[in-house]
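Just passing along the structure, written as structure tokens.
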Amino acid sequence: MSDTPPPISDQPVLKLLNVESAYGPIKAIRGVSLQVRRGEIATVLGSNGAGKTTILKTISGIIDPRKGSIEFKGSDITAQDPAYIVQQGLSHVPEGREVFPLLSVHDNLLMGAYTRKDSDGVAKDMEGVYNYFPILRERANQNAGLLSGGQQQMLSISRALMANPDLILLDEPSLGLSPKLTKEIFEIVVRINRERGTTILLVEQNANMALNASDYGYVLENGRIVMEDTCARLREKDDIKEFYLGLKEDGVRGERRWKKKKTWR
Amino acid sequence: MRFIFKTDYGQDIRLAKHGGHLFWYGALMLVLLLAPWLVQEYWLAQLTFVLIYAVAGLGLMLLAGFTGLFSLGHAAFLGVGAYTQAVLTNMGLPFPLALACAAGLSAAVGLVVGLPALRVKGIYLGIATLSFGFIVEEVLARWESVTGGNSGIHIKKPDMFGWTLDSGEAFYFLCLLITVLATLGILNLLRSPTGRAFVAIRDSEISAQSMGIHLAYYKTLSFALSAALAGIAGALYAHQLQFISPDQFNILQSIDLLLMIVIGGVGSVHGAFLGAIFLITMPQAIAMVKDYLPPTIGQAPGLQGLVYGVVLVAFVLFEPLGLYGRWLKVRTYLQMFPFYRKGMFKRQKSFQKSDRLK
Amino acid sequence: QQGVSPTEITLGSIQDLSGPLAGFGKQARLGMLLAVDEINEQGGVSGRKLKLLVEDSGYDPKKAVLAAQKLVNQDKIFMMVGHIGTAQNMAAMPVQFDKNVINFFPITAAREMYEPFHKLKYSFAATYYDQMRRAVPQMVKDKGIKKVCTIYQDDDFGLEVLRGGEAGLKTINMDFTEKTSFKRGATDFSSQVAKMKAAACEMVVLGTIIRETIGTIGESRKTGFNPIFLGSSAAYTDLIHKLGGKAMDGLYATMTVQNPYTDEQSPQIRFWANKYKTKFNEDPSVFSVYGYLIINTFANVASKAGKNLSTDSFIKVMDTLTVPPDIFGSTTITFSPTKRLGSDASRLSQIQDSKWKVVGPYITDGGPAKK
Amino acid sequence: MQLLQLVISGIAQGCIYGLIALGFVLIYKATETVSFAQGELMMLGAFGGLAGMTLLGFPYWLSVLGAIAAMALFGMVLERVVIRPILGQPAFSIVMLTIGIGYVARGLITMIPNIGTETHMLPVPYKDQIWHLAGLVLNVEQMVVIGVTGVLCVLLYTLFRYSKLGIAMQAASQNQLAAYYMGIPVKRLNGIAWGLAAAVAAIAGLLLAPITFVHANMGFIGLKAFPAAVVGGFGSLPGAIVGGLIIGIVESLSGFYLPDGFKDTAAYIVVLIMLVVKPNGLFGEKLSKKV
Amino acid sequence: MNAAMNPTPVQPVPQPLLSARQLSVRFGGVLAVNNVSFDVQQGEVFTLIGPNGAGKTTVFNLISRIYTPTSGEIDYLGPQGLIRLTEQAPQDVAGLGIARTFQNIELFEHATVLHNLLIGRHTQRKTGLWQDLLFTRTAREAELKAREKAEEVIEFLDLQHHRDAMVAGLPYGVRKVVEVARALCTEPKLLLLDEPSSGLNVEETEDMAFWIQDIKNDLGITVLMVEHDMTLVSKVSDRVLAMNQGEVLAMGTPREVQSDPGVIEAYLGSVDDVSSLRRQTA
């Protein structure tokens, strides 16, 4: 990346304070506080069921939190209507694609730009995402439901880009993408962050990619944040290396099915 | 809260999961058995109607609640059952034989209706069954030599090899017996592979298929079983009403049947019963209350339809899980009593997805 | 005796108050109420006040049974009066008969209301069957008609009209040239009319009620098909000309009691109609008259049965009863232990200048009765 | 000539079915639910027009426009009050809800003293007018239905095919969650959809009124419009019209040429045949889930 | 030692378990699979890789008979000998011993995990309708048997915690495992796994790798898998087939395929160094 990245300001775009969300009687996140500063890429790491998706859903208003508050660009968006939140300039790439199966690829993208009024800008961005993912241009008139899994994932990401938001929530963007595309996706994410100054909150199983692309990271375990730091420092921690990057001394977990307990030093 | 310490897998497939179940359902059975001596004749007749509708409800529950196929023409099966029973009984066939024929013929008709269900789903299936309902009604009305056409037919009292059930009590016991058997049958189905196949089809056809479930077979089976139960209910209905005419099995009846399971709670066996109780007592309740209302309202034409609609709307709005869902909440509340927390039953935001793709 | 206390007689009625015939049900109920109030004002029947309980069947036989069960077994009515609808009556009667409750003057002109014989069945109205059986051949003869068609509602009502017509034509060795039917609630009669037009009928017997009558005649007039139309008493309602307008002029219908127009010639009917209108703030109709007459006849009989009113004493009086014609022009009705239909005579009426006019005397089997 | 006349009455009747079916398809496209209250909304619209003309004494055009506008508003209020709270529940709940709404509407209208139980005539300017065309009799009432149906179909088609609003409605119905993620105001669109549906229903009711009269049970004709919508393919607007026409013509011809009873069941027989031959209707696309 | 380090040469088995010959399928203008042939030997882990939209899932759908090929056929060595798979009905495929998982997860959402697994036992059902209705002794015993088998699978895949949880509320990763469990419950001979590790983190992917190896070694089930995680692929697969735009690109051991220039070009890219993503100025 040769271009000079825009500076990360100290002022948070997104601020979660002590947020608690539950599905019926099951508490999925318990008192999560985090913030994302303008212009940065932040990431949340955590194992299966830790509550990453729940955090993102709570931010974009799909689930109402039981407790706590969420602030976006200085105003309170706790438990607001999702449509309102998106109109404030936040867009969300959901887990599991969620395309509009019976609309064409083109219409799907158009819906991504629903909140926008500038048709020129929309046309330009449409061109932009078609250039990122030429296959989408090829299939512009096909129903999105017929795309392959990875193609749908591309569409889902592109759709969020079409909104030209201030903050993008990315839930596992690399899900089901080929290794080559995974890298490309991250390059695109980083590029958008650098070029447009878009702030990004990223949830990703591919911790290697995520930690490299992000500036700041949180580690979530059982609905609680157990660690946070800059990614540069997180990359050096032993637990992170072992459990998220899969780098371990040989033999620790070679043939044996023996799990070392996480300790979070 | 009740914690059950499980020691073997058999416990999970037992119908009564614990002593409480045994006690309460036993008590219920006892009350039902003593009912003729406990309640007035009028209420006994209502109870008989409840049992009859519960049988039909069980059938529809199997189809709609467990297999996910909504039938808008279920009254047709009721009608086929009722007419078969009427015609055969009047020809002098003993009750059990006539009932078997009624169930069998309904099931056969159900099979036929099930055929389009193999190819269409959702709204298309709804309309297919609706259409079928209209056609059956028309056939009942036109096939005068057998059905007596629109003038309807009277049906004799049930007769079992020389023993005529001419009292309300005897017929009540007959209905009770049939209801209990039908319920046990359904419960058995639901805890065995057949019932699971139904549920699988409801949730995802494509993966049900890849688990080796023969969609066509189970869908038609579900239709046939459901129709057979409706046929049995229809047969009992014919005896209870003693007079049947084609317009008793019209679209409104079909809608009533659907209402019954929705209000009872789609997807639970209890729901069929609660819904039947509701369906029968509701008009009676309106009739009783309206005498105490000012006449301009109480006696106004249309009141019954209005109340009916309001109750239905209220149910869907406030208790989409139906009466049974409400009961579960009350029970949980009682069991948890001091520890009940407010948000526990707060309804999750949920999001509709196209069921054109399933 | 169930339903009779020293101070009160409880009567039950089942009307359609929310279904397709809600209009008629309501009017019948109001007519009954008018009579009940009048009687109670005058001190009731042998010192007993009348109490009328009305249930709603929504024109659904199952609901009618439920309602009958409530009335008979719960409210313990003495008698079921003016129950509307054929299938509804058929379904409810067993419940009543189990408890020895009379089915008194149901508002339906089906033969099953007095046939087969049952000691608890009493019916007053000339059946559709009889109406048509007599009126059709007479019209054919009077007008010199060669081809008769019929359009009938495909239900028990329409079939009665059809059969009556057929029976009538048979007496003069004719048959319907074309028979066509429609389903209750139908709105489009084009193909039926086309069929009858193609058969070049000169007279059409209508087994229709209100909207279907208007629809059929309207469609015929539009397509230039102008036969004589003859309806049954079901089509004898002021709604026909109110809704159908001029096109309805010329329609014949059989009937017994007259429609009570508030500006009627006969001062008695006019007085009654205006009383009704003042009380209920709406115009009366034949159904109001039915309701009114049913209660009055009941009161008449019950008072004759005297202090120890019971089902048996009521039947006893009933079976020797003769009711003379009343202000609405009904014919004399009589009952006996074997004759349970008051009268099978009806007369012809025609819409002239958007109003029903009686155009003939009562017709009995011997032809038009001599007044 | 006979045949032609029959076909023409079939077309006219078919357009009525098509017009009502348009309402079903509209709701279906925009919300993926089937509204069983469409017939009742139609009835309310007709009563609205009637009230405008007789009670308030407005001229015809004003009453008609007023009734349509009032019904559109009513549709939105209805959505706001009873449908929105269960937005997102399975479509079947909403179907039951609309059945309930139908009962309530019928009950309420029936309860209006002196009006509800009666049958009324809507005084329209073109009442009972007839055109004669080369030996054929054309009923103006029916011609108006045909014309309006065509126009409405084109308008609605354009809305759903080309406008952002229409596409967003479809998006929201296909995947509500994703629609929220896109910032589509799902609730408001739903409100608009119901408002539109109610307005279309009102138009249908007002057009139908001269032909079938205005009464509390006039909505039952909706039951014939379902087959029309299905034959055309439930999600397709032109399909609704074509389906309506097919059913209208089949009814008309079978009423003339076939024995009694076929006319009334023709619609349903056609549906069953269609579902066997082409399960998704004439214009419905074959949909299958890609896994 | 794991398989990736020392790929044990597979003894050529005369009769392949599954052999696809010249498979092609076209959807409108898209030629999703174009003349693809391959054999899956008994007891191996055979992996399909390829860029998105290459047609991998479509190959699975052809095997499980959700799609019918435009041309070509698939033979399968079933319990009763060689079968032309492409002529079987979709619901019979499971009965022949072929089970699968889905890329987008197709579980029975409104049922518990245990219930899902029991549905997986459908092909093994022993009772008929009447026995089920009356819940005869046979039915009861069959139920207990099914339950035991399901518990074995639960044990095997460590799902005890989730046994009675509704699937609708499970996190993505767990659902992936439940899908595998459900497939195992059918007691298959051939298991088709569509991206088993997607949505799993490194640690969980390792678990998955162990499970796949156990499935192959301990349960003796042949595995055909689609996967994008090359670490997992190299660790467990015996042979790899790379596809691109519906056509075969390369086939061989994981190492051979990974070093194929065409595969690198179309699929792998230069994955290893991702530090270039980092923000340059600190």
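Here are some notes:
A, B, C, D and E label the chains in the order they appear, each numbered from 1.
Here, a contact is a pair of C-beta atoms (placed from the backbone, for glycine too) under 8 Å apart; a residue touches a chain by one contact, two chains touch by 3 or more.
The shown structure was predicted, so the numbers you read here are calculated from the model rather than taken from an experiment.
Contacts with chain D and chain E are shared by A, B. Fewest steps needed to get from chain A to chain C, stepping only to touching chains, is 2. Taking the mean of C-alpha positions as each chain's centre, the chain lying farthest from the centre of chain D is E. When the C-beta contacts at B-C and at A-E are tallied, the pair with the greater total is A-E. When chain centres are set by their Cα atoms, the one at the greatest distance from chain B is A. Centre-to-centre separation of chain C and chain D, using mean CA positions: 36 Å. Between chain A and chain D, the centres computed from C-alpha atoms are 44 Å apart.
The mean-CA centres of chain B and chain E are about 41 angstrom from one another, to the nearest whole unit. If you average the Cα atoms of chain A and of chain B, the two centres end up 48 Å apart. Multi-chain contact residues of chain D (touching two or more other chains) are listed as 106-107, 110, 113, 116-117, 174-175, 177, 180, 216, 260-261, 264, 287, 289, 291. Under the contact definition stated at the top, the residues of chain B that touch 2 or more other chains are 141, 206, 300-305, 349, 351, 354, 356-357.
In chain E, the residues touching two or more other chains are 57, 66, 102-104, 106.
Per the touch definition, chain C reaches chain B in the complex via residues 17-18, 22-23, 25-26, 29, 53-56, 58, 60-63, 65-67, 69-70, 73-74, 86-87, 90-91, 93-94, 110, 112, 154-156, 158-159, 184. Across the interface of their complex, chain B is touched by residues 64, 66, 90-95, 99-100, 102, 106-111, 115, 118-123, 125, 127, 129, 131-135, 139-140, 142-144, 146-148, 151, 182, 186 of chain E. Listing the residues of chain D that touch chain A in their complex gives 164, 167-168, 170-171, 174-175, 177-188, 287, 289-290. Of all the residues in chain E, the ones that touch chain A in their complex are 1-2, 27, 49-54, 57-58, 103-105, 169-174, 195, 198-207, 210, 228, 230-231, 266-271, 274-282. Within the complex, the chain B residues that touch chain E are 9-10, 12-13, 185, 188-189, 191-197, 199-200, 202-204, 206-215, 221, 267.
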